[in-house]
Amino acid sequence: MTIIKISDKIRLASKHSPDHRTVVEVGPHRVGGEQVVVIAGPCSVESRDQLIETARIAKEAGCHMLRGGAFKPRTLPYSFQGLGEEGLKILAEAREETRLPVVTEVLAPSDVELVESYADVLQIGARNMQNYPLLRRVGSSEKPVLLKRGMAATMEEWLGCAEYILNEGNQRVILCERGVRGFSKVTRNTLDVSAVPMIHQSSHLPVVIDPSHGTGVRSLVAPMALAGVAAGADGVMVEVHPRPEEALSDGDQSLRPPELTELMNQIRKVANAVGRSV
Amino acid sequence: MTIIKISDKIRLASKHSPDHRTVVEVGPHRVGGEQVVVIAGPCSVESRDQLIETARIAKEAGCHMLRGGAFKPRTLPYSFQGLGEEGLKILAEAREETRLPVVTEVLAPSDVELVESYADVLQIGARNMQNYPLLRRVGSSEKPVLLKRGMAATMEEWLGCAEYILNEGNQRVILCERGVRGFSKVTRNTLDVSAVPMIHQSSHLPVVIDPSHGTGVRSLVAPMALAGVAAGADGVMVEVHPRPEEALSDGDQSLRPPELTELMNQIRKVANAVGRSV
Amino acid sequence: MTIIKISDKIRLASKHSPDHRTVVEVGPHRVGGEQVVVIAGPCSVESRDQLIETARIAKEAGCHMLRGGAFKPRTLPYSFQGLGEEGLKILAEAREETRLPVVTEVLAPSDVELVESYADVLQIGARNMQNYPLLRRVGSSEKPVLLKRGMAATMEEWLGCAEYILNEGNQRVILCERGVRGFSKVTRNTLDVSAVPMIHQSSHLPVVIDPSHGTGVRSLVAPMALAGVAAGADGVMVEVHPRPEEALSDGDQSLRPPELTELMNQIRKVANAVGRSV
Amino acid sequence: MTIIKISDKIRLASKHSPDHRTVVEVGPHRVGGEQVVVIAGPCSVESRDQLIETARIAKEAGCHMLRGGAFKPRTLPYSFQGLGEEGLKILAEAREETRLPVVTEVLAPSDVELVESYADVLQIGARNMQNYPLLRRVGSSEKPVLLKRGMAATMEEWLGCAEYILNEGNQRVILCERGVRGFSKVTRNTLDVSAVPMIHQSSHLPVVIDPSHGTGVRSLVAPMALAGVAAGADGVMVEVHPRPEEALSDGDQSLRPPELTELMNQIRKVANAVGRSV
């Protein structure tokens, strides 16, 4: 595989040879290996019932991990901000039942200890990509970190953030492309699928794709998930909700349960076509 | 399939029912049908030898059409501007030998008569997407038109341009996503793969993807071609050159012959995975 | 003044010494000299009455030139496309009465002869910035050319287009910044005021600013016009309409007559503050 | 003055009547009043000598506040990260001598107590615009907050962040436009001067402009500072360094001392032209 050199200063996140790849183990799953990992769940944990129901749907559809926000970064202070620790407990209960490892966001260094006591993967959201004290803190965690790309981040800036985490000793970093800000009037963001091969050719870290935030439009989620897998993504992260019209956040981009099942079948076929499994 | 409504004023290019699809026939090929069509060739027709050699490579690799510019829109007046009619004659000769229909760009209304006498498909480049006199003129041509998206065009603006062509009576319009201007420092443009499903959900016209201009980086062409196909593109347009390092334009993004062959195999697999053939 | 080198290949449009400046004479006015030139008028020539009334308003307010489109590039074929030659005749009549030189757009090489027989300045619109046959044709005109920046054009691309005109022998090129495509949800475009000093530090050509298209919002036109003048713009181009709510195009961004008068007073003060006159 | 409605949900930061304006007092200065406030200083506090020398330069030039980073958010962990508390002490010493109030950035909620014990204004940087725990924390501070716009933030997102601070009880918020990410190859960012009148027409909060980060190019700082003032900015924030070529960060965009003096003269003239003083 070609090597694209982003910057000499990206010491730890850069790829050193064509075959240099890091596999991040999460429970029984290996992100960055042969398998394409699917992470599904609601935008926010809204209630025990909603989350447990969604986790069962994800499990049944064959997904590998469960996502759900307990601490939510919202544009306005008056919007639903997440259930906090109660949400974390519900996520842990869902894991107990389904065996799906849990990915959830952490917003502040002072919350890391709490979140890592429940979560399997700590998510750093796009808005916090360059929150360096937070990156340093999760860099000393024993949990893997899923680092979302900022809305207007270059490859150098994104890998520079991974570098902060790696430099603290945590080698288990998964990158996540979730769309960059563009001028589209139809989509919420512009999903930069080319970030997937750019990361693979410049870094040894695995990269997953989030077509839910990347488009903001339900009917575009499946085709863009498949695009990501075809481009080599190591995983897909999608939002699903039992009743999207009732969702407290991001309902417009959440798949309905049967759509998730259908998407899993499609992902499987495309993954096979590019030499991967699901 | 979901219908996304771009604007009530897009009367002719809009999709009127979920199954509303237009198939554009080009020689024996049907763009917008079950087959994923691959269009390959050099950026510019540089010489008879170069073009004929490239056409044979494209033919042998299993591509369906030949691309090559005889009239080149270049950033500076001092750059190679194309061979003009001589280039068109060479393209016609290559078609004669390989049976590959020819796609080539036309820059001015006054050149349309000349270009349509040689070409099978008239290409309108990104810089001319909103050159309305040119759109009107090709709208009265009997040849199909491949309309590239402008560098910063919204869906409404792009479909509005298709509307100009359709409104003149030419119903054979193929759209081509070739990347929008972004802030990337690695790629030349940001290939907006989501344009593929957005077009399919809002318009009945077929859409192909151009990962060569969309990335500007050879090693990114194949993964992005596959991404486009997985997202539902009706075709792929790629640049190939027997010796990219000697190309008079776009050498950095041109595939080498063996890379084209390999890409065709990959496209076939991904096309099959999404229920298409090549 | 500092020199910013955009590209060695920009031979004719580049600045060769700190004091290298071109002044383009239009009637009694000198664009690029000590004076800040104000060009005002409606988006489109809609009728004789509307245009003559607007020309008188512009004259009375102290503006130096009259703008108005007779050939209009519109997003959709069903929108008002301009009055064509009739519009040119009306513009010429308005000039006759007010002595204001006329700036008007030309869309196709084949229209240049007609348009230059009426106009004092040929405008190349943003959509046609890279319409090279058109640039070549106006490059052999004896009339000055106002070259608008494309919606996503870099400095190199923009100056490359000026180069096409200069290279044909027409040395009278005025550049016009009119906003680039951005992600704003309030404004129509993002007016890149920094283009003014970038052009002045890299090129000898004069540059004017168009805050009407640059913002698309009436209440933002005046502050952005002043911003442009403070940054060194050699002129301001604004849309004005006697009754904006009745305008056939761009009513939302057109100033009302008293706003134009007020703006002229403000421009005068800011121009004086930066050592210019109006 | 026109009112632009951004969102009904922006309750506290929105303008309620044309004359609704908030003035933020910082020491003897009133940001948002008749005066245009100039904040100058180095990107980073590098040493006692460098900072004291720069503070004297700023004072002598007639600037009103001193800026300087003690905690620096850097793209890579290996870059100079600021002097921390030592830097804050140096800033306080400079204030002691020059009477210039101090503006300095805070990166983490846990640092706010320390930083507010030294600073007169707490700066939230562009990377942390949506760091909501940090916004909440400074929202309960007694010090004014200078909130920089994120690199790809819409008006709604930016005002939403101000809302977080206001909602905690801190009414002293100053907004700062510092450039958004664009496609320019000459400048580091695209300074969105139109943000100034957009803020003034939608919010009662004062807004200052930062042409140093907004352009990243020394020769563009002065014209863009003047553009901001002409557009109505309540202040200008510029980087200055006694010897920019030796700066540990942002040397290319730092003014030299005589350039600062000259800029102050120019700002004074433009401020007067728009009915303000310096």
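In order of appearance the chains are A, B, C and D, and numbering begins at 1 in each one.
Note that in this section a residue touches a chain if its C-beta (ideal position, glycine included) is under 8 Å from a C-beta of that chain, and two chains touch if they have at least 3 such contacts.
Note that this is a predicted model, so its numbers are computed, not measured.
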Inset, instruction - Go through A-D and A-B and name the pair with more C-beta contacts between its chains. - result: A-B
Inset, instruction - Indicate whether more than half of the residue numbers at the chain C-chain D interface occur in both copies; give same if so and different if not. - result: same
Inset, instruction - Could you grab the centroid distance between chain A and chain B? Build each centroid from C-alpha atoms only and quote it in angstrom. - result: 33
Inset, instruction - Two or more other chains in contact with one residue: find those residues in chain D. - result: 152, 156, 180-183
Legend entry - chain C - residues contacting chain A, complex: 181-183
Inset, instruction - Under the touch definition given earlier, write down the residues of chain D that touch chain A in their complex. - result: 9-11, 73-78, 107-111, 127-128, 130-134, 150-152, 156-157, 160, 163-164, 167, 180-181
Legend entry - Residue ranges of chain B touching chain A (in the complex, touch as defined): 1-2, 4, 6, 152, 154-156, 180, 182-187, 190-194, 196-198, 201-202, 214-215, 217-220, 223-224, 226-232, 266, 269-270, 272-274
